[in-house]
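You will see chain A twice below: alongside chain B first, and alongside chain C after that.
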Partner chain A sequence: MKIKLSGNLARFVDYQRELDIELPGELTVNAAIEQLVNAYPGLHDVIYDKQGDIKKGYLIAYNGKKLEPNQRDQPVNAQGCIDLFTAVAGG
Partner chain B sequence: MTMDWQGAGQIEAVFGSLIAQEINRHTVERDAQALPVPNSVFSALADKGLFRNYLPKHYGGQGIGIAQWGSMLEQVGYLSTDVAFPFLISVRMSFILFLIKVGAHERVGPSIDQLLNGAAFGAFAYTENADAFSFQSTARYDAHTRTYVLNARKPYVTGGLTADLFAVFVASDSRDLQVFLVERNDPGVSTTPMQLGGVRSLGTALVKLDNVVLDEQRLLVQTDGLAAAQRHFLNCRRSLQACQFLGRARAVIEDTLGYLQQTVRYQTCLADMQHVQAVIGEMYIALETARSAVFRALERQDNEQFDVDWDVIASAAKYCAVESINQIALSALKLTGGWGYTADSGLGRAHRDFMSLFAGADPQEKLKVDLGVRMIHEFELLNQQRKYQEGR
Partner chain C sequence: MSERPVRVMRPMDPMLFDPLQFHTRYLLLLSKSCMWSWFYERTGISFPGLVRKHHQGLVAVECDVEYVRPFGLFDSDEFCVSVERVRARQGNSVLELFHEFSAQGQVFAKVRMLWRMLELDGDQALTGAPGVLRDSVLQRLEPCEIDPSRELRQVEVLRTQVEGEGEKIGEGHYPFTLYRHLCEVADQWSFLEVPGLASAGRERLIDALEQDPFKLRATLGRPLGQVLVKISCPFYLFEEGEVKTTAFSVHGRLVFVHRVINLTRMSTLAAVVIETFQD
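And then the complex of A and B:
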């Protein structure tokens, strides 16, 4: 499946905007993001907080539809696309 | 609330003489010498209950919304020739709310009481001359003594020279921030004045923490501190920051009119010349457009229609307001000839002050990029939705 990342995350994934992730089987959105982090460990601390939850401030969409945190356990398929966008930080 | 300008009578009745005596009489001198507005002025405001207006009701405050608070700051900005004064009021109040939001009551309660009573003042030490993923500050935990050792260099801390307490955002061992409550008197804390081009009485400081040892109780936010910074400091203040400047911009227009009405060229009062009237019209349009954007953003915050992490409307409002106030200051200078350029007119100082928000509250150029990226992203999501619906 495809995972798209917003520009300020690019440096953690070798400056790619769009990644292809192999799905080992039936996965949820959350599990697909875990697959992504396994492939690019530099993302781990950027995406997850110390409790292992996805940090607040991330906008996550599946096939173009934004998901609330409690909707991220829905299944994804190999043709789908997850979109990970960060809220922007600045003073 | 109505956002139509009703004058500043509400604030003038309670704080007018204090502003006249303690602020306006010293504006020129404080600007020239970069003297911070003294804490005694804020203590006097606290005595008159200023900070309780926007304090939540469950904390014994009046619980007015952020739009009404913004309106109060706008009025103070209008009355006070030194816009750094309401700027500081706004920061001091936000600091109180920040502690309420992120701190457990038993830990921060005593500090909040001091802040509300004007016995202490707080400041935010966030920026590091780096993007948020590249902060160099550190907090090392010692499990044996249950303490943290902090090292950090924090420039541009508004009110830092006169603050007693700091919310310090420190890079943690993971790529995130933690937030600590640091006291000025903690060994290893130092502040150095930073000279800015405008808002020179803010008491802006470089705050340094050299091996500052803190009890673990001082850790306010353990994890996901970047989100806490966004929600409770940066994003929620982005459009609020413009309010005092909107009040000052109105005063700049009025000062300009005062000059134009008294000045005759070619046997005609300048205010009667049509080109001059058109420029005044432009200034007025800029002001009211900015106010519409800012107060709409604040009302959305009150009505919980606001994106707590990064609100596009608040960001667009800040951008619009800062461009507008700077346009107003420049037009004022263009309309008023040599007088406008004298130190006495205060117009040049206003312009220097207004330019502070080109960088502060997120730089204008960065906001443009962020808003553009967001719009493109929304468009891409829509396209994706269409594509997947068609593919079904």
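And then the complex of A and C:
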């Protein structure tokens, strides 16, 4: 499946705009993002808070539809696309 | 305690001007630079210190630029940029700064900025969430600099008025991609560039005109009088966008309204810019 990241995260994934993630089996949105972070460990502290949850500063969409935090356990498929948007960053 | 203005003298430089007036983006750039002078001189906090020690950042949410009187490159040898006053507004979640640009004792432009306070997570991407001024920062403000009331947002008020009372006389689209020359340290668009994207949309609309019954082309020779900017959504490196520009005649007065759309982010409205011209 594909995962697209906000541009401010690009430097943690070698500036790739779109990433192909292998799905080892049936995965949820949360699990697919974990797969991504396993592949690019530099993302871990950027995306997850100290409790291991995705930080509130991120918006996640699956196939173009925004997901609330409690909807991120829905299954994804190999043709799907997750967008991980940074809600705001301080500069 | 009274206000604590900070004033910085700057030399005249042709890069600051277009053929008609002071570039809007440089008014904003110098305003922000002067804001950090104010912070450092009046509170002892620098931008790196705000991020590292206080885990705070801020993002621009509204800019109001008013060209008060004509001012050109050869009108002075130097000019002054100032922070006249600072207010923590709306439960300390917004900073409001009032800037003036003057030369030889006369103000030629005013800038009002609204900054939304962020609480940063401390990661390298400067990820944040909207928050309030932490006590460690707030205690360095004077009582007169804290105003709990809600600040005035001008853009939506004017946009509603223009679209309600005005006659639509032209429309255009300007597609763009956000590359790094338009970004700040978080690979996020710099608020300075938003008026420039809007004016590019206006100029593209005018340049594409085959007929010009409303004499829009003549506005290329008229200086802007006011530029209002509202930023409502971030824009990051490589994201695709579009400026949708609409020209209105409002009681005989020309107004351009620009909607900046983030196409990559589910076509979210990212900013609104309203331009009017000097009489």
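We take it that the second predicted complex is superposed on the first by the 90 of 91 C-alpha atoms of A that agree within 3 Å, B and C clash if a C-alpha of one lies under 4 Å from a C-alpha of the other, contacts with A are read in each partner's own complex, and residues count from 1 in each chain.
Going forward, a residue touches a chain if its C-beta (ideal position, glycine included) is under 8 Å from a C-beta of that chain, and two chains touch if they have at least 3 such contacts.
Treat the numbers as computed from the prediction; the structure is a model and nothing was measured.
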Q: Could you tell me if A:A10 is touching chain B, chain C, both of them or neither one (first, second, both, neither)?
A: second
Q.
Applying the document's definition of touch, where does A:N30 land relative to chain B and chain C: first, second, both, or neither?
A. neither
Q: Applying the touch criterion given at the start, work out whether A:Q51 contacts chain B, chain C, both or neither, answering first, second, both or neither.
A: first
Q: Would you mind listing the overlap between the chain B footprint and the chain C footprint on chain A?
A: 6-8, 45-46, 49, 55-57, 61, 64, 66, 83, 85, 87-91
Q | Residues on chain C engaged by chain A in the complex (per definition of touch) | A | 51, 56-59, 118, 120-121, 123-130, 178, 183-188, 190, 234, 236-239, 265-266
Q: Quick one: which bits of chain A touch chain B in the complex? Just the residue numbers, please.
A: 4, 6-8, 44-46, 49-51, 55-57, 61, 63-66, 79-81, 83, 85, 87-91
Q: Would you pull the chain B residues touching chain A in the complex into a rising list?
A: 126-127, 131-133, 156, 172, 174-176, 222-224, 226-227, 229-231, 234-235, 307, 309-310, 360-363, 366, 370, 373, 377, 380-388, 391
Q | Residue ranges of chain A touching chain C (in the complex, touch as defined) | A | 6-12, 17, 45-46, 49, 55-58, 61, 64, 66, 83, 85-91
